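As written, the chains take the letters A, B, C, D, E and F, and residue 1 is the first residue of each chain.
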């Protein structure tokens, strides 16, 4: 209990400080309100995976790995392959993460990242069918959160996108008896766009992008928006028990849309070499 | 703890009061010892289900829904369809119900209701086979307990019976390749009898039927008996750590048998229109 | 907490006493350092199982039962049958065992016993194939720990070995349509060797075999070694947070190798009649 | 793409693009709960029970300065086209979280320190928009339980089908359409408490849709109010359309 | 329907309709347990261990005026025709509950407030009637543990096969027969502590069967007593038939 | 049997029988953790985080006279040839236990009574010998966290392939070979803290192999030391081969 009580006091002081800085359009680490921290994306770091990427945004560090296997389609989509994005908030990542099954925060994180990728139609699932209704390609993207300093939604999303974009696809052939063989050959996985997630935190009425853990600790609300290459919104999620007034909702879209363009270039750069 | 201690005292006073009333052949709500509270049964309330029923007994309220799907038979009964009755004691239903997997009381409730239906052979499972040993009809009856004021065993049973009795059965055809297609047509599900569950509570040596939550709180023992249309006993379950002397066991059968006849008429009435 | 504190004190006194005895090459129950307690092995005690054995080592009592069924091979070993050894530390077995899923100690126990059997190739899994890649024999050995007085690793291993060695194998025939039928006939399960597990406890620098619960309570380290008929080591596992110096590691092998020969004769004797 | 809007501008179920489905709200439908409600919104049928404020167990989870709000959105196994397993899915867990965050801004939780308020939603039948219907009903149940509130919370989805922005998607429209965006607002405080989106919307469609949703919420708010007024002050029939 | 009774009135295993299977009870078969027993009843083989009365953890579950009785009926994976998964099934959980309720009336739990008594049953081999055999053995183990009792509890099933009411169904009779009714009684207090039934019985068959079961229980009670007397006072062989 | 050693005595990956795979250790790779490390050992890639010593929750699990060490070895789903389910397997639970027991003798846990030290290992990519690499990296992370130690712990496996005793099996050698024996030692105290074996070894091969492993550990220890020295005192590149 004492730890909790202490953190309440510290949090208040820290919030006051963060708010004071925001009122001067500044942040504790010197960034402007709409600046990201440095983003570093490395791909191809896990040889056993079909694709992989490590993303660092400031001190936040995540790794995504792609495995492409054979699976069975869902009964209601017999002619679609499978794409599953899973996020694990590992106990390595902070003093507050515990081992065990994902809690509601981790589930929301995984589902929002998944929706951003899925709704953008980055991967055309209809091209992943081997035997309609029976066997399809199943793309599993697993994201390991290794070190947490805020903005996990965007970091996990970028790692997912970069790992998919640099994946190779094993070739499978269907024999006459319906048996499936994996061939030695592999081809790059085709992608249709680079979805970009942008998360805004609202603190004391102001929006900032790429919040640190500390900023998240005092934020009132969070909104994550994912854009495709054409600037369309593909997914959105407001989080936290704070509210947004109606103009702020529209403002959030405009801010995020601009940021998404810039980040897309960073992601593109990181996957360029791998795509060769 | 204090809540528990208080409830112990209240329970004792309440028990004394209930017992005093029973000694005058009366109950707190004015009923005679062998009277049910008003029973209200509505069917066809969930359009997406194959059958459904809401049962209210006094303030107790439960809803049962039937889903008929394709399943695989158990290995030891390859020529039998499946019938599964499941009961969920929802956290909506009382201040004491908690979310989470069913506890031993909920499991007993579900299994006793299930046995009453199963043993009465209300549904002829041998007529639910599509491809022997491989594909059969699977009838799932799920009962949601919405509001708890005693006698869940009977309420859940009546809802199960009424929902099955008013179910329509989707027609499936087996193609030459063994693939199963659901056709648009649907036929009423055939039933063989109307099993009726009667639960008696023993308080201070006296039997009452249809106990309220308060009466259940002070009962010594409980006995549930299920009868078919011909007055045969199809299932029985004594519950709670109290005992029944040997004559009481026989007495319970006689009381329950009479009550079952009356209740069967109420259930029949409720399903008449639907069957029409 | 008080129970724990008391046990700490008792443990220290007991350890002092055990150590004093060990310094005179003796043990509390009068045994020499490298003596086993009496071992009693009964086989064929569970008629419904394909094989079974009860092993008592002193007051430790375990029962193993074998079930041979049809299963699907692992994808990476399509031409191998299955052998699974599972150990349940039942709440019957001591005041410290709790109902529930196995904890890490029970999992280690099961896996070490399993490895000893598996690595010794006691059963030739390549002979257990019915339809390659699809249907194989699956041998399940389940060990129930009924009464715990130390040396569960060896007791569980001997019970597993004796139950497998006395198992009969149901005969299955594969029909033209690929359907599998169990025939009435049964044949003895062929075995290749009698693996023998020997567990040494290190207390105050000395090795003893077959530790009691009390001795285990004060041991620094444990080492379990499994030998085949030719004296080869097939499996090993050091346990507990104590250490072994480099010479002790070699000494442990020599001690265990000798003991294994003797115990193998006891096991052979116990399975002789059954195999006859 | 299936044609979901006909040449007259009407949807499969006959609605105009800016028309919500039939809506009915009842208050106080359960006896044990401290507050309760029942909503029919299209084919959605949802019961909500509120228990609390009450003591937190275990006690160390209690907050010294306010009450904790916990929501549980759960679907009955028979509520969906194919039977749903009774165990909560990841989808249900996420929806429980966003519903809780959508309701919390309206509640004055500081009035009940060291307590918990549980909101249980049981979806008896699910159609498109069940989370919105659930939020709308939950506020009513919270009011029925006497929990002090700053404002009501009302929710309605907007979406895109056959290329047009339309209000309140039903199940078919949700599955076959191009976008779905649930929105919850506090109508008097003019605040958004829930916003989710999946599909594809241009920023312009987003703005248009968001405004449609806000307007629909204001309309639904009147139904909420009427249900509560009828329960507490009057006897007029509750319902609409 | 398979013929389970031949023209001489004998059952497949040679028993008369009112005859129980061979029965053997041993006391004190485990060293760690505070009390223990082993029963063979037909092909049923069951070990029972009693631990307690001992402190309750966590403490807030303790009852101020009496001990808590907890039973766990568990089947070994090798006890059944096809391997049973070690995890407790819903059936095992229900049987654990009814066994606990069948034993509790016999125990003077008021003697040990704030404690718990655990009864663990491990079915090593299951035949028809394992819950009855388990109850019969559990009472013996509780007596062996020195738990004060008002009476013993004895159980035996009755059933209907080939149209006749018969005592103590074995596995085949249970599966192929028309009804099975386990009964537990306290033989000196003349009280029923367990009654379950599935199948089909007329009220008359019910009465007849119930009396058969009660009589069989009285007989089994003598075997229980002998097992305990032999353990504590004598050395005669325990068992029967 | 696949030929794993060629006529020149070289293994598939070109190594001699007594040669370990390329090894790289980094210190302090995570910001939140109290100590951390990263190891590449062949294709193994493992991150280790240490949190603690910190208060134990729930408190009654604390030990009055020393700290508790808890290790969690976990494999990322993408770390293996076919995707691994994120939930810990029985194998991972066993390995967590033996790693904990391998590290504990080196730690002076008495310095921090009533606390817990958590060591989390995440295997990003698994090759043969991941538990050894994990132990080697964990000690470095514990040192980075400032936990007082009696000695370092270093681990390396030895095995048998194509009939010969060889050092440090990779994945193929582990699967196709005849034996695998992971060993962990404290190099200054000359103590074995982990020993496991599966496969087939004669007692002579066991002795020879054990000595090979001990020598390899001494060599790996130098890499551990260099990694820590570079972190705390220097800037030279860490790594080898």
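Worth pointing out:
The rule we apply is simple: a residue touches a chain if its C-beta (ideal position, glycine included) is under 8 Å from a C-beta of that chain, and two chains touch if they have at least 3 such contacts.
These numbers were taken from a predicted model, which means no experiment stands behind them.
The fewest steps needed to get from chain A to chain D, moving only between touching chains, is 1.
Taken together, chain A and chain C share the touching chains F.
The greatest centre-to-centre gap from chain B, using C-alpha centroids, is found for F.
Note on chain placement: the centre of chain E and the centre of chain F lie 52 Å apart, centres being C-alpha means. Centre-to-centre separation between chain A and chain F, using Cα means, comes to 31 Å. Annotation: 58 Å between the Cα-based centres of chain B and chain F.
Counting partners per residue, chain D has 82 as the residues that reach two or more other chains. Contact with two or more other chains is made by no residue of chain A.
Here the chains link up into one ring; start at chain B, go to chain D, and the full order comes out as B, D, A, F, C, E. In the complex of the two chains, the chain A residues touching chain D come out as 1, 5, 75, 104-105, 107-108, 110-111, 115, 118-119, 223, 225, 228, 231-246, 248-250, 253-254, 257.
Listed in rising order, the residues of chain F touching chain C in the complex are 60, 64, 82, 90-91, 93-94, 96-98, 100-101, 104-105, 181, 185-186, 189-203, 206-207, 210, 214. Interface residues of chain E facing chain C in the complex, by the touch rule stated above, are 30-33, 36, 43, 45, 47-49, 51, 54-55, 72, 74, 76-83, 86-87, 118, 120, 122, 124-126. Taken in their complex, chain B has these residues touching chain D: 3, 45-49, 52, 59, 61, 63-67, 69, 86, 88, 90-95, 99, 101, 140, 142, 144, 146-149.
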